[in-house]
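In what follows, a single structure is set out as structure tokens and then discussed.
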């Protein structure tokens, strides 16, 4: 009988897989309370490092062409499709879903990446505009990514909820620091490996596993974060108050369903800023 | 001294001896053969089938059947995934496609490799992402496909034009019968193989090869819901008449005689590049070519001098050489047309200048040419030459530039070269052209709508607007 | 032609400013697209051999480190004189480029060799010192026997619009290149394009330098983040080409810093040929400021001859 080589689950920051700087870990168990893995327990310093990485990566990611970003997101779907089995197994062991149900969840996650990939170069065609101002001016409104997004993936979803939290943020050129579901963290961390092999620049997505209650005040309070998605948090009102200190854009929990094979354009736009430019016309 | 040694691309494409049509997911038995050649060498590349009305009928039936039974029943997300597959396979076979296109069309490998094929691929990637987002196309929720689309594409950018036609049509949920130009069918036939590799359901894309009569049969077929044509204005008019009174929606992308307007405050070196690119890219076989240089009189002499010096660095020759800038003219017919019009231009007082080029013995070639001293009244100021010939006209003021630029039955594109933003934007408002390039030229992107005013056609390809001609509002 | 004749009036800061700002603008996207297009040229077989040999002949083999010592300079000179011990036919670089105080060691090491000694001067790389110091720096190098002087312009003066000051400084340094006996040192003017940042600035600085008497215009000190690039060099070649049309003077161009591979060097030669023309394809009018480039070119050269890929063990270090 051959002993299998078990995986160590680490954080994903700046394109690399460090352990928590605190050295801490916590146990992830399956639905029968069996030990599955020890997972890095992220600390506030990991939050700090992740935000730094996200900020550093943001200009480059936003500066890439929309076409290029679409190619990368599609590549993520390709890589995820190629590794479906691993995800199906992780999901069913953690959530008790049947193979068939877990399979359906993985398919939804892949399809959601494909749906998001197709938006990168269409947002402005749909949500931008030339504005017919009453004067001899060229006037155009475009949508720009807001910057660094702090996000909390839904606690009850192992994979698809996680995907539907990070994809809407990065489609437009934001970078994201995301806290996984505490108990269902494994597929999200494995997704980090998929991201690392998909030509996604390091720092665009940073994944922290751990206790959302411990990390949320640090991430939401961080002054270099532009927007927060509070979906997976337990005290959203308090956090929204904290976010107001730097006028962060806030997505309250429950605003967008996260289980489907497609996302929501409004969700994408919530993490963008409209910029309007004027220029006179005359010779 | 530093004369570039031959740098031949590897011949990575191979063709079958003869081809049938691609109908219902399979290649038919070759019939009614005619040869397709390499215009740079005149060697025969393969025998192609000349499609009959019966062939067209079979193809339309296959398209209709697959539309009703399969394609219209798929979700947008699934249709999108087929398009993504096609895009990926085209990327994987990109070099092969570029070589095939260069051999059959005569255009330089540098262009097919760096422009034609990547642009064709990007069109598929872009429209793949629209297939499940049609609610945002601008026609309200749940818009519907039209059904079977008949598409006729030209010889100047065979694969790219095929992509411009097929990608949005499929994304919108239509099925297709496409007829490539008689002189450049090979990349379409390779594309058919790619559809098979992508496991595209049979009959969703059908390719029927042949001549004008094949195209007429296709456009006239009663079970076609949409006609899309890119080609000459002359044939466009015939098609518009042919579909009159029917229920067929039609879009046309026809000829042009674009004005490339250079002001005294232009970024001069880049304007030179823009003018060169505007008329000599693809040997001038471009509907939106900047074939009229409208140069501000105050800088005419200096600009023409620089233009001639720059033209002397253009390398004409073997399209399969990676350093070739100017390839072959696509056919003997086209070459004759170009020569005739240039002769006319000179007889009407134009001053012809061409750099010295070593013209190969076989094949169809025309050295890049300027005809200076042209007036709006001359033939070469009005008639589309569709070759590497630039007519030079002067102007004094912006208003005069607008008048001269708009003085044409065409309206596809225009170029404006000035560093002054307000001037450029006002001119853009005033120029009657569907695509305006400022301080650049010949830029194409799948997100950017392209199409003409006036006799350059109607309908747009690219962007959200490019979907509209393949959809109708839902119930 | 005299500067006033070219500018069309007496030289004041205002007249210089007007003249410089009347030059045609540069569209960044268009310029970079043209450079990228030229970079796709495929240089093979015979033209590659010619190009590689010419790239060596055009090199100013450079060492500009605070830790330079006489032995370091000697070693570099030996490398320049015998780049490839297996091939006595291998061409040699045009010059060695060192700090002014290293000139005597370079001259001693080079002996009767035809390789020039170029010295950086004028408080290289920053140029932030009094004119007195900068001129002395120059005179010292000239007195030591430097054949060429690579000076830096005052970027602070340029960026604050003090064009007349930049002009005068270049003129004075040109004067300081004179020698009582023998040819004057030839003057390369480093624009430090990485600090000028915009292409419009680089065009204006090129013209200002040529007006003031530069023999060569040079992109960079190699000591900042962005050094030579293909578009910048293309722009400067357009400037010398147009200057020749206007005045009949032939001025050279030297991209420096960041050119590491033979492939890069060949791209630059293409840009020279297709912009200024074949006339500029000579060390008299085009140089590469480089250090590690030489070994990469030597490896490529050997590969063409031996038809195998080499490793770094097979070329000598300097």
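Things worth noting here:
In order of appearance the chains are A, B and C, and numbering begins at 1 in each one.
As a convention for this text, a contact is a pair of C-beta atoms (placed from the backbone, for glycine too) under 8 Å apart; a residue touches a chain by one contact, two chains touch by 3 or more.
None of these values were measured; they are calculated from a predicted model.
When each chain is reduced to the average of its Cα atoms, C sits farthest from chain B. Taking the mean of each chain's C-alpha atoms as its centre, the chain lying closest to the overall protein C-alpha centroid is B.
Chain centres here are Cα averages; for chain A and chain B they lie 40 Å apart. Separation between the centroids of chain A and chain C, computed from CA atoms only, is 49 Å.
Averaging C-alpha coordinates per chain places the centre of chain B 44 Å away from that of chain C. The part of chain A that touches chain B in the complex is made up of residues 66-67, 70-71, 74, 111, 114-115, 117-122, 125-126, 136, 138, 261-262, 265, 279-283. Across the complex, chain C is touched by residues 1-7, 110, 114, 265-270, 273-274, 313, 322-323, 419, 439-440 of chain B. Residues 77, 80-81, 84, 122, 125-126, 128-133, 136, 398-399, 420-423, 425-429, 446-447, 463-464 of chain B touch chain A in their complex. Put simply, chain C touches chain B in their complex at residues 24-27, 29-31, 33-34, 40-48, 50-51, 54, 238, 269, 273-274, 278, 281.
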